[in-house]
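Have a look at these structures, which come just after this line.
Presented sequentially are two complexes of chain A, the first with chain B as partner and the second with chain C.
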Partner chain A sequence: MEATRVQPSFLERVMLNMRARPAAWIVIAMTLGFLVIIGIFAGPSQLINTIVTGGMWALMAVGLALVFGVMNIPHFAHGDSFMIGAYVAYFVFTPIQAYLRDNPNPFLSAVGPLIGWIAAALVGFVAGAVMEKLVFYPLRMRTRRGWVMNTFLLTVGISFVLVYGANLILGPNFRGVPNYWNVPPIVIGSVRLTMERIAAFVVAIVAIVAFWIFLSNTRTGRAIRAVAQDEMGAEMVGINLNFIYTLTFALATAMAALAGASLLFMFPAYPTVGLKPLYFAWYVVMLVGLGNVQGAIVGGFIVAVLQTLTQQFFGVSYEDVVPVVVMILVLLLVPNGIFGSEVKGIQEQ
Partner chain B sequence: MAALLEVEHINAGYGFLQVLWDVSLKVEKGEFVCLLGANGAGKTTTLRTIAGFLKPTAGDIRFEGQSIAKTPAYQISQMGISFVSESLNLFTNMSVRENLLLGAYRVLDKKKQLQALDFVYSLFPRLKERERQLAGTMSGGERKMLAIARGMMSMPKLLLVDEPSLGLAPQVVVTVFEALQTLRKEGVTILLVEQNVPSTLRITDRGYVMEQGKIVLEGPSKELMNNEHVRVAYMGI
Partner chain C sequence: MSMERTVTQAERVSGGLWEGIKAVLARIGFSPLGVVAFIIIALLPLVPPFNQEHIMRWLVMGAFLGAQAVAFDFTAGYINVVNFGFAAILGVGAYTSAVLSNTLPILIVQPGLPPWLTIWIGALAAGLIGFLLGMLTLRLRGIFAAVMAWFVGIALMGLATNMPKLTRGSLGFAPPPLLNTTNNLPYYYVALGMLLLTYICLRLVTNSHMGLAFRAIGQNIDAARASGINPTRYRVINFTLSCVFAGLLGGFYAHYIGSLTPRTVMHTSKTVEVLALAYIGGRGSMWGGAAVAFPFVFFIEYLRSNLSQLPGLHMVIYGVLLIIVMIFYPGGAAQLYSTIARRIQRRAKGG
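And then the complex of A and B:
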């Protein structure tokens, strides 16, 4: 960590961002208002649900925004990173669970799920690095022409390979862990809070905050932002672009895998489990502006609120309709997203 | 003894378009050398090739006796050549201080980083005042200063500066040139590309003149200043 803080704090940046963009103010105010409405009409447990899913969409969307901002890749295999995380958590955690059944051990049963999650994040990191080195690195060495389109097609291809690979090897079965911890839910008034929900929310927040500190206050994090802003400038100061690209992709994949692992109790692992998180992460980044990492954090919660409102007032079957309608409106009215896009060089490529 | 930078008979260009034809030049340690010429003469291409952003198709570039013709740009930067490009390539959404710290990306020693920071702040006190401002919100002159300062943060052995006077008000050009002179007095070796011939020749030791991708003249700046061709073609006398 640097001795000196050279970056305005997160709040300061958010405020600055908002002063420049009144649309963002309105949307955030509306979101908070809707949260209250959800709390009153749908009950506090829905409110908690919304916040938990919000944290998860944010975790997914941050990776997406980062990959787009730094590497200009519209990443349509991001959901499969979620799927990888879910499977890894399942295959690491179930043996632990089986072992615990025969040998009760309070410590292991408390940290067991965490082992699964950390394993998922690590496997995600490695998978991301391999994906980058195997697919995007060779393309980058060949040509940068038509980069966005080519990488878009490649990510779709990767997604097919991963989904059908999982189907081939693991089959289409659902593999879930209904509860990570065998503890009764905490009851406050009419609200039932399961341990899984609390943990999923804490994981999302800790991961996002840690990632934010990494980006704004460390040498490598600063280098990532530098590459996002000016590749040639980054090379001029001695930053190895290839290293930063691989690291960025690996980090984004690790975050998606972590989301998949910690949501295993809600989304059991199966080959196409990543589709829904992928779509919602895309709603988030299109809503806030492509490549905008700070915006993606706030956007995750905005989309979660939209989702809950839709479920509550229109029915679950409209869950996808409303975000898409909102997305179309955003693209029509504020094409750069409500927080503004932060993407370099997309026009010149 | 070999010179700090030796460019030997290089050809370079973009795709099928060859820009440089058999360009050779030398920069000795501690020298302040300029590369002059009109628009499109190949000055910027020469600098980009030395900095590693373009690869020569023929010839060799040696830095401290070591060939860098095939070395990637980021490694050349690590070896001690700082390139201040014409478009500056600043990180516009970051503060001045962050830009400078990124300039010292390869300096791992925190103490040395802060020393470098003090040094560039003493060169450009204006940057210290603007420490927390975003680079993209500064004036053209301040941005040039920031780019030169960022290039100095790694304490390079050779500083390549591309057209620092471009697009600046005459008063600001003077400030930038004074800063370059100060750097030179500090013992920094500089290769400067310029179109502003009279003021450049006044502050440099030696110069090369480029025309249509070839070096046509070279010599001490004082001689070039009195050269008939230079006077007619570049000074309008």
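And then the complex of A and C:
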């Protein structure tokens, strides 16, 4: 006797979703359209650029959305997790590179960057856990009143400590790795694809997909989603809230650190390197709706398209001005973001 | 008998006078101790260790930062909206005043208007930006408003950098000085006057019925709305006022320092400095930030000059203090003061 479950097919679900959120689908369609326009008018290399950047903003924004969705923390130090990742990757990869210069080893030179990235993600994970235990755990124990605003200010403090701590210990110099691999770029027609770009995109996609599988198919991942939906209910069914909070924060930090590590060729490590990724990650989550993890993935690409369009049609100097205009429109037309947000804490002052 | 009666009467009169003075002071937000402290701070640069030029410069910066903290706390502590674009709005005031006092852009007359006039125009311009920003964002919940203000702040900084014809961009702009002197002492009194003006004006507002509405909105916006307060209106008023004073202070800064670049005035880290100061001083107290500003500036400048091999150490300390205060002692220095004062009072009564 098998219970018959009525599962809507994928297509049906898409149709349902479309009817529920028309604005979201219009925006997605427009984004795809703009991608085509970019491809035609600005050239395919711009198109590739846009997609790679989109993957990275998505990876940053997912962490931000996760922390807000599960813990209700507007994370202002997310960019500094990026900075941590960039530094770790630099300090792990440079010795490997130096070693390789003396004794070439094809296997190590292929795998070397990966070691740096994994190290960055691990350090980010640990740093996130430490941050949560040191800062948010005591506050949670003391009071939950005014949580959103208080934690916002706390993350501002963390950001200050991390940025100026890095400045203190490592100095303000740029530490970059121009190329991870000494291989010539792949040329397809007029498009030159460097290995770093491909790798950065692959890392972003793999990390997001792995994270998605973790959230939907594992026990712990489901527990995280349960906490995001209903904290008290989750506690009642025996989920260890403190563990989930620490894990969530650590995961988000690890993802940002991974982004920082894999973008080291674009953003050399220096104390305030995280400001721009932070800004764009916030831009993404405000656009799609605070705490909406699914939306953040799509949003990363939307923002990258907007960025490329701005650069193409207005010039780089308006890069900071256009987001504000977009944000104003979004807030006036769809105040909860284009994909909506159903976060419990958002109603709190 | 009659002698005794007159004595008691005189006592009552003098007591009444004292009480009256205290009431007037309380209305503008001063306790008698506060007045004494203010007078001491005002007389500091006349006393030997403080009458050196570089220490007077620290005092000016202390007054400037303190006044900023007061204006910041007026929104953060009362309506519970963190104006994350505070420094950028201060920069609007600074640039408006600087540009107008250098050349009048329409008439191209050199020199432009006197700085004494233009700092007020700058204040109005900043207030206008604040008003528009408030109209736009303050219907939203706290965190949206904060992030939106941050975005607008970054956009304003971007504009200031990208209009080199007007602001000379990141090359730096050199506005004329406010006073015809290179001494820091007159500037110190101007800064102190601005601190006093900011504090008293904003304190008069918060002591009126409007202040009550602000507090109600800050504590529970839905309850405030239910009891007939229009949150948007009061929040916009509050935000605009805070921005006006930010612009005024920006104007002072421009004409005191004599060089402006978008990064040194409008950057987010400047907002964070003021924010940390206001919260360490005690949110919702207004005077806390101003009181903490002076020792802080001294401490910071001391670190900067004596531990120059450790750049940015003071910022780390700032951040750590902010975190500690936020977690363990949300009342900040103001709460510490009132706790100690109450304990002393109780002991005096008990003994």
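As a convention for this text, the second predicted complex is superposed on the first by the 327 of 349 C-alpha atoms of A that agree within 3 Å, B and C clash if a C-alpha of one lies under 4 Å from a C-alpha of the other, contacts with A are read in each partner's own complex, and residues count from 1 in each chain.
To be clear about the criterion, contacts are C-beta pairs under 8 Å (C-beta built on N, C-alpha and C of every residue); 3 or more make two chains touch, one makes a residue touch a chain.
Here the structure is a predicted model, which is why all the values come from computation and not from measurement.
After overlaying the two complexes on the shared chain, residue contacts for A:164 are found with chain C alone; chain B is out of touch.
In the superposition on chain A, contact of A:333 is made with neither chain B nor chain C. In the superposition on chain A, contact is made by A:226 with chain B only, not with chain C.
Applying the stated contact rule after C-alpha superposition, one finds that A:240 touches chain B and leaves chain C untouched.
The wider contact with chain A, measured as residues touched, comes from C rather than the other of chain B and chain C.
Touch criterion met: A:320 reaches chain C, while chain B stays clear of it.
Contact with chain C, but none with chain B, is seen for A:275 once the two complexes are overlaid on the shared chain.
Residue contacts after overlaying the shared chain place A:98 against neither chain B nor chain C. When the two complexes are laid over each other on chain A, chain A has no residue in contact with both chain B and chain C.
Within the complex formed with chain A, the residues of chain C that make contact are 80, 82, 136-137, 140-144, 146-148, 150-152, 154-155, 157-159, 161-162, 218-221, 268-269, 272, 275-276, 279, 310-313, 315-316, 318-320, 322-323, 326-328, 330. By the touch rule above, chain A contacts chain C in their complex via residues 74, 135, 138-139, 142, 146, 148-150, 152-154, 156-161, 163-165, 167-168, 171-172, 275, 279, 282-283, 286, 290, 317-321, 323-324, 327-328, 331-332, 335, 346-349.
Across the interface of their complex, chain A is touched by residues 51, 53, 72-75, 77-78, 82-83, 85, 88-95, 97-98, 101-103, 105-106, 110, 131-132, 150-151, 153-154 of chain B. Against chain B, in their complex, chain A makes its touches with residues 2-4, 6-8, 219, 222-223, 225-226, 229-230, 232-241, 342.
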